[in-house]
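The structure's right below; bear with me while I get my questions together.
Going by the order they are written in, the chains are A, B, C, D and E; count residues from 1 in each one.
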Amino acid sequence: MSLPLFLVFAALLVVSALGVILQRSPVRSAMSLVSTLFLLAAVFVFLDAHLVALLQIIVYAGAIMVLFLFVIMLLNLQSEPRETGRVGFRLVAALAGSFLALEVIQLTRAKGTVAGLGMSGAVPEGFGLTETLGERLFTHYLLPFEITSVLLLVAVIGAVVLAKRHTS
Amino acid sequence: MHETVSANYLWLIPALPLLGVLINLTLGATLGQRAGRGLVSLVAPGMVIAAFGVSVTAFATLLGLPEGTALLDNVYPWISAGSLHLDVAFRVDALSAVMILVVTGVGSLIHIYSVGYMAHEPDLARYFTYLNLFTFSMLVLVLADNLPLLFVGWEGVGLCSYLLIGFWYDKDENASAGKKAFIVNRIGDAGFLLGLFLLFWNLGAGPHTLAFSEIAAHVKQIPLGTVTAIALLMFIGATGKSAQLPLYVWLPDAMAGPTPVSALIHAATMVTAGVYMIARLNFLYVLTPTALAVVAWVGALTALFAATIGLAQNDIKKVLAYSTISQLGYMFLAVGVGAFSAGVFHLMTHAFFKALLFLGAGSVIHGMSGEQDMQKMGGLRRHMPITFGTFFIANLAIAGIPGFAGFFSKDEILLRAFTSENGSPALWLIGAVGAGLTAFYMYRLLFLTFYGECRADKEVAHHIHESPNSMTIPLVVLAALSVVGGWIGMPAHWLWGNQFEHFLAPVFGHGETEHVSAALEYGLMGASVAIALLGIAIAYFFYIVQPGMPMLIAWRAGRLYDLVFNKYYVDELYDAVVVQPIQRTSTWLWRVWDATVIDGLVNGVAETVAANSSLWRRLQTGNVQHYALSFLIGAVVIIGYYVWR
Amino acid sequence: MVPVTYYLVLSALLFAIGAVGVLIRRNVIVIFMSIELMLNAVNLSFVAFARQWHSMDGQVIVFFVMTVAAAEAAVGLAIIISMFRGRETTNVDDLNLLRW
Amino acid sequence: MLSLIVFTPLLAGVFVLCMQREQLNAIRRAAFFLSLIPFGLSLGLLRGFNPTDGGMQFVESYAWIPQFNIRYQLGVDGLSLWLVLLTTFLTPLVVLAAWSDVHKRLKEYMFFMLALETGMLGAFVALDLFLFYVFWEVMLVPMYFLIGVWGGARRIYAAIKFVLFTMVGGLLMLVAILYLAMHAQAGQPSFDLLRLYDVNLPLEAQRWLFAAFALAFAIKVPMFPLHTWLPDAHVEAPTGGSVILAGILLKLGTYGFLRFAIPLFPVAAAEATPYIATLAVIGIVYGALVAMVQPDLKKLVAYSSVSHLGFVMLGLFALNPQGVMGGIYQMLNHGLSTGALFLLVGVLYERRHTRLIAEFGGLWKQLPKYAVCFLIVMLSSIGLPGLNGFVGEFLILMGAFKAQPWLAAVATSGVVLGAVYMLWMFQRVMFGPLVNPANAVLPDLSRIERAVLIPLLVMIVLMGVYPAPFLSRMEPAVTAYLARIEKKMAAVDTSSATFANGFPLPLGGGQGEGTMYAAARLGEPHPGPLPEREGDGGAALP
Amino acid sequence: MTATPMIAATPVAWLVLLPVLLLTGTALLVMVTDLWMEGPDRDGLGWLGIVGLAVTAVASVTLWNQGEIGFGGMMAVDRYALFFNLLFCLAAGLTLLMSMSYLELTDIRVGDYYTLILFATVGMMLMAAATDLIVIFLGLEVMSIAVYVLAGIWRRQLRSTEAALKYFLLGAFATGFLLFGIAMLYGATGSTTLNVIASHLAKATGEQRMLATIGMALLLIGFGFKVAAVPFHAWTPDVYEGAPTSITALMAVGVKAAAFAAFTRVFLHGLAGLSGDWSMVLWGLAVLTMTVGNVVAVLQQNIKRMLAYSSIAHAGYLLVGMIANGENGGSAVLFYLLGYALMNLGAFAVVMALGKRGEPNERLDDYAGVGFRHPFLGFAMSIFMLSLAGVPPLVGFAGKFYIFAAAVKAGYVGLAVIGVLNSVVSMYYYVGVLVKMYMTEGSADVPSPTTRPYLFATMLVTVIGVILLGVFPAKAFELARQAFLSLG
């Protein structure tokens, strides 16, 4: 991935991400998030993470975000009114956020930091493909994989418990 | 004075009155009123008389022993800590023999007298409990073989004094007077204790018993400065106990107690403890002329000072009280000039005549239904002949009329004040003037009380009567003693000379009499007698011949009279300089320092915690985003620390 | 090649944007979406580091993160619905029963 | 034996707790007779005590927490023997005093009282720092309840103040204990007191550790200016609580100095002596002055405790036999006389429900027996010769005079002031006319009240007249104690330790140059070689 | 690219998995059984869960001397994990026991409640046993998601839902940080397995080390949230107050212990090489946490909220143990968690016992006079409060003793001093409960604890435990020490 291309994607990502947090309508925020996810998927492809990019679109943008939109629609949420109050609070929040980013940026450029990590050369064969990932997943990551099954089960039970109508 | 003979019965002397205390305390209160009174009236004097008996035995034993030998009764080990090994041990040598005889002898008489005097007192058991306890303490004081044990008696008599002064406690003044006595005494005692410690730690290595013989053996190693300090500190104790300047103020107030108490404690025995103590420690005092001089001058000044106050008092007992202070001053003057035996001699004669005076005054008060103001007396000699007679003898004795007891002892003191190497003409002069004043105020008292017209209310006057036998007999005995008591200590050139001094010589061994010329001796004697007679004459003139004169003089003298009449405002001065500031400081310490500063600090810490608690609590707004912000800021700070450190 | 640090910076930017979103938005669902954004930012890092190390682990982890995100979404949205049922609101400012 | 003495009260307390709430008399009787058991046992202890042995006796030692070499280790010596007896002696009396005093929640009261006894006894005989700390803190709880539940109007404030004050010191001491135990010897931690006695610490460490220990104990004593919890606690506590608090609990502070702070860190203690002695003297005078103006009887007695314990501290820091023995003796005296004073005040409070001095006056007429008891106790309190107080004060002042003559001189004024406030109080309560009609109907001492007071009076007189048996059992231990201190001080590089010898004796004493401890030992007969460490019952560490 | 027909089967380390597997099985069994049950009474499920937990505990005990690591170094069945397994079984078991009484007071009548508690416990065990950051992360999520739901399970109560939502939002937020930290460590070392990270850190380049440090910082923040360290603590009081009391107990005890299990394993083992970097920051966090927790607790009027702040403060003490970093410090943390579990569970049992249907009685004022009216309740609560305050000879003291001993030994005397001063502050509010119970009159009419046998049993067990472990801590010390040393 060439630098200009990266910068273009990066810019688009940032704009799109800002859209998530600046749009007043929840639906638009959600749509911005979907676009961010798509852009990220593209970046993943450039990073040789083909399967992950695919999953990003299918699972994330496809399933999870639909769920979000569904709930937004279900609850019939309106746009937030224009923020007038708590300027100070938002300013501090933005400042804190900027500092967080700044710190990581600082980390990559100052002396004695991680600036010199660079990027390694060509990837081995099969890197990022379904087969390779699958093999890794079902051998080395067998345990976490099994845990995710429990995790999802818990989530299902939880969602049901919380969302089902009151019976009594 | 180093040989001792064991006499394991000496403990009986103090133990008998103590037994009396226990009986009075337990049975006296629990038996019925009548039985209890009867028992107490028997037991209390009985025990003291028994103690007198034992004392006489001890005295006789002592006389039979070679000169300088003392009786010793080591009862049991008392306090032992480190190098300190104190025993409860009693010692009878010449000095304490005199003392125990005086204490038990005069004590017996006063106990007997009390049976009559206190006949109408409902709380008789308590009275005799105290009185017996006092006798016990006084005997411990004079019998003690070591200094701390002496201190036990020393404080014990103070306690009894406190209790007896406040015996009629339902009057606040009485209670206050008792308290004052105790506290002023305590001030002196503090000095005594310090002196004791200083002495102990300077005795050198090795276990110490603080027995007098041991102190005497070691005292010469102590540097002079330290000895002086010890002596002066001890003397502070003596000024408290024996009512000397500047700690005399309690004694006049102490007259609030029953009159026999005044006689026993505040005239005959307790107040002389200071003199006894210095006499006991004579080996220490003689080493330090500075301390001796202080003792002598304080004594002399007190003698004069108290005498002047005595001139203008109207309360019969107050006059006697100031007289006592004054007479005690003479004793200190004596020991201060190194005339220990003279001091003790005066102690003894004073015990006789002053006890007599007090008991006589008590008899008067008894007869006057409790009246003490001389302005309201007069003409009593007709109603109370025995009292008057004995009182008159006592007056002669205290005024120093030759032949009576007081003459011999006072004369000896004045002589030595003049001639001793520690003495000076100035001391003599002060003493002599004091003697004149004494004669004046004592005769003023006599004339006001017994002569002239009765100035009492009709009601009171009607009831004036002579006292019962239990009271008059002791008066007579004491009157006899006030005459003959002095004869054992004749001036050197008279008859058998000073047997008393000779008897005490083993104790005061070093103080061999300097020989003075007979001319000087007679000259001084004559001068002092003349001064005394002059005093009597003036009194006669003022109160018999020209009864209006005193008023006139008092009016003329104005300020001066006020000053004397109000006792130089010393009580007021002490109140303003000592008592009030302490009270104010205390209140300040409590209200401001304790409550505001310290607790303020403590509560301040608590409040700071609470304030912080409140503050942090407010930060817990319930708003998730505030929580998230604090989270984020925390994160930023931590990461920032690692990035930029 | 774009150095891995660039990805890291990008990731941090997205992460920070997400974090700020959590702080400033009032609608809990949007807040939740901002959190999803943060998770995605982390995913970017994982993928970039996987590329850097030539190791599939990073990508596998992304797989797990997605699963977790899905589970959280299910439960989170259920909680939001539950809350909406009780209060008819999704505004965080109304979460004020519990404080101090 | 010791374990039995320590834990019998707790068991008795549990037993009482299990009784029927309504059977008040049965509870009282049970509590009283059960509380006599430890007293009886401790009399046995006294009989079996070897008075010539200055070391630990009746030592019990078992491994407890081996990870830290913490041992369950108990023992008594001459320093603690009498305090144990004081505790077992006072508790039955307090239980007895509760007969008429406590009506509500009686069995809980008895339980806490007995549990408190266990805590105090344990603290007196513990020979392991951890164990000591456990007992030290455990005591707080029952005392806290006693004040808080059965106390007066501001009882909660007082109870919490008491607990927090004590805890601040206690916990800082815990850190110091940990530091000492962890660093005293390389490798293995050790909480064994007897072992730690022999450890020579660097001066700097000693200073810090001493400060922490001293703070804890000074609060408990309490020393000026850390005393303000005491008046509050006393005023609010029920009578029994006050008696125990003043009689025994405070002694733990002074005992702590004696057993821990001074012998563990003697050089630091010696350095601190002028300051501590000064504070002690300030406490003496201050307590007396403030006591003087108190309108409330209990508060007056409380401040008098500040004054008296100032004497104890002064004695202990004299670091010579007279001072130390006087200090210990004074602890016992104070336990008896102040305990008795609180009981007496309690008698009045129970009858009149007030403790304001102004409410009384002329009581002697109405309550002669009470008055006599009060008088004797008061005289003991002001140190009248012939009663116990004198022996202690005398020895303390004598010892202190050696070490710090000027301070001792100031302290002696406390003797005067002590008389002032006590007598003034006595006068206002007992003397004067009986004006308040409410006082004219008061009954005199009941049988039980007499049964409570008479043992105290007997002890007051006995200890005043015949102190020798008490002192003689202390002396070997005190001698050993001072010798150990001296040895330890000599072990530390003396050039680095600037000994504060107080103020030099200005009057050119014939002896007494040199360091205070050395001087204190001058001419003292050595009772043979120091007690060996064999006597501690196989305390050897694994 | 030649396709491999089959992936080589990975050997499954059954022993390593055994406790987790047993408990997961129990959870599933409970879940399924619930479907067959009729009527509102679900106590049977609770008993089933308890049996399952007991079995798991027994299994854990038998594995004590095995010590095995499996799944490519991702999970271990070392003593450390087993110690925590026992702790979790205890906490969860007692929670289930209490719940059987507590649920009657509420309208939470769903069998899934028990299932979720068991799954949460599975998550905890995974966290304690995990030796790989991803497994820790997943375990954390299993636990957290279950607890999010449990916190909000009392749907009638708006407070419960609010607590759940707050917990969820902040929890997810914190998860982001944790994950970012894992990413950075992965970036720095190329692995998420602790052993690998540890060995790689030893030879890491400066850049990698820096990256790892930041990753460590982010992990610190993430764990800091879970253990409720200031300033990541703010959720605690609200969630503890709002959640059903039984769940609060589980959170205070189980969740916190699990978080510390992972926290300690990661920092004292995996990131031990960075200890110089983290100890300073942790020092500050510990001081802040102790102080803020204790100071704010002073003015609280709601007992659950007060206990929440107290739990924050206790997190601070535990951090001290971590800072002491060593055999003593680590063991102290383990022991302290055990003691803390006992006393806190007991305290919450008392809180529940004071509640009635529709009347939670959670205000301090509701405690007025309870002590004498219900002697056992009062006694138990006194023991718990005093133990929490660190009064000997209770387990709270033994724990503090251990922790501060470790701190002093490691040279952190200042920290110990701050810690004990904090204890003094804490004494104030713990004792405040006693003041209410014994020293003020009140009228709150509370059923006798004996009518709620499960709560009574819980209190009895915990009281005995608190006293026994306080008086004779040696065995438990040894256990904790062995457990910690198994970290290698």
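In the analysis below, contacts are C-beta pairs under 8 Å (C-beta built on N, C-alpha and C of every residue); 3 or more make two chains touch, one makes a residue touch a chain.
From a predicted model like this one, the values you see are computed outputs, not experimental measurements.
Common neighbours of subunit B and subunit C, by the contact definition above: A, E. Chain centres defined as mean CA positions place D nearest to the mean of all protein CA atoms. Of all chains, A has its CA centroid at the greatest distance from the CA centroid of subunit D. Contact analysis places A-C first among chain pairs (by count of C-beta pairs in contact). Averaging Cα atoms per chain gives one point for each, and the point farthest from that of subunit C is the centre of B. Subunit A and subunit E have Cα centroids lying 30 Å from one another. One inter-chain figure worth recording: subunit C and subunit D are separated by 65 Å, centre to centre, where each centre is the mean of the chain's CA atoms. A separation of 70 Å divides the Cα centre of subunit A from that of subunit D. Put simply, the C-alpha centre of subunit B and that of subunit E have 78 angstrom between them. Across the assembly, subunit C contributes 4, 8, 11, 15, 18-19, 22-24, 31-32, 48, 52-53, 57, 64, 68, 71-72, 75, 78-80, 82, 92, 95, 97-99 as residues in contact with two or more other chains. Contact of a single residue of subunit E with at least two other chains is seen at positions 134, 138, 141, 145, 148-149, 152, 155, 164-166, 169, 173, 187, 214, 237-238, 428.
For subunit D, residues touching at least two other chains, in rising order: 164. Here the chains touching each other pair up as A-B, A-C, A-E, B-C, B-D, B-E, C-E, D-E. Residue ranges of subunit E in contact with subunit D, taken from their complex: 372, 386, 391-393, 397, 401, 404-405, 408-409, 413, 416-417, 420-421, 423-424, 427-428, 431-432, 434-435, 438-440, 472-474, 477-478, 481.
The part of subunit B that touches subunit E in the complex is made up of residues 606, 609-610, 612-614, 616-617, 619-620, 622, 624, 626-628, 630-631, 633-635, 638-639, 641-643.
Across the complex, subunit A is touched by residues 1-21, 23-27, 29-30, 32-34, 36-37, 40, 43-44, 47-48, 50-54, 56-57, 59-60, 62-64, 66-75, 77-82, 84, 90 of subunit C. Against subunit B, in their complex, subunit E makes its touches with residues 165-166, 169-170, 173-174, 177, 213-214, 217-218, 220-221, 224-225, 230-232, 234-235, 237-238, 277, 281, 292, 295-300, 425, 428.
Interface of subunit A with subunit E (complex): residues 104, 107, 112-117, 125-126, 129, 131, 134-135, 138-144, 147-148, 150-151, 153-155, 157-158, 160-162, 166, 168.
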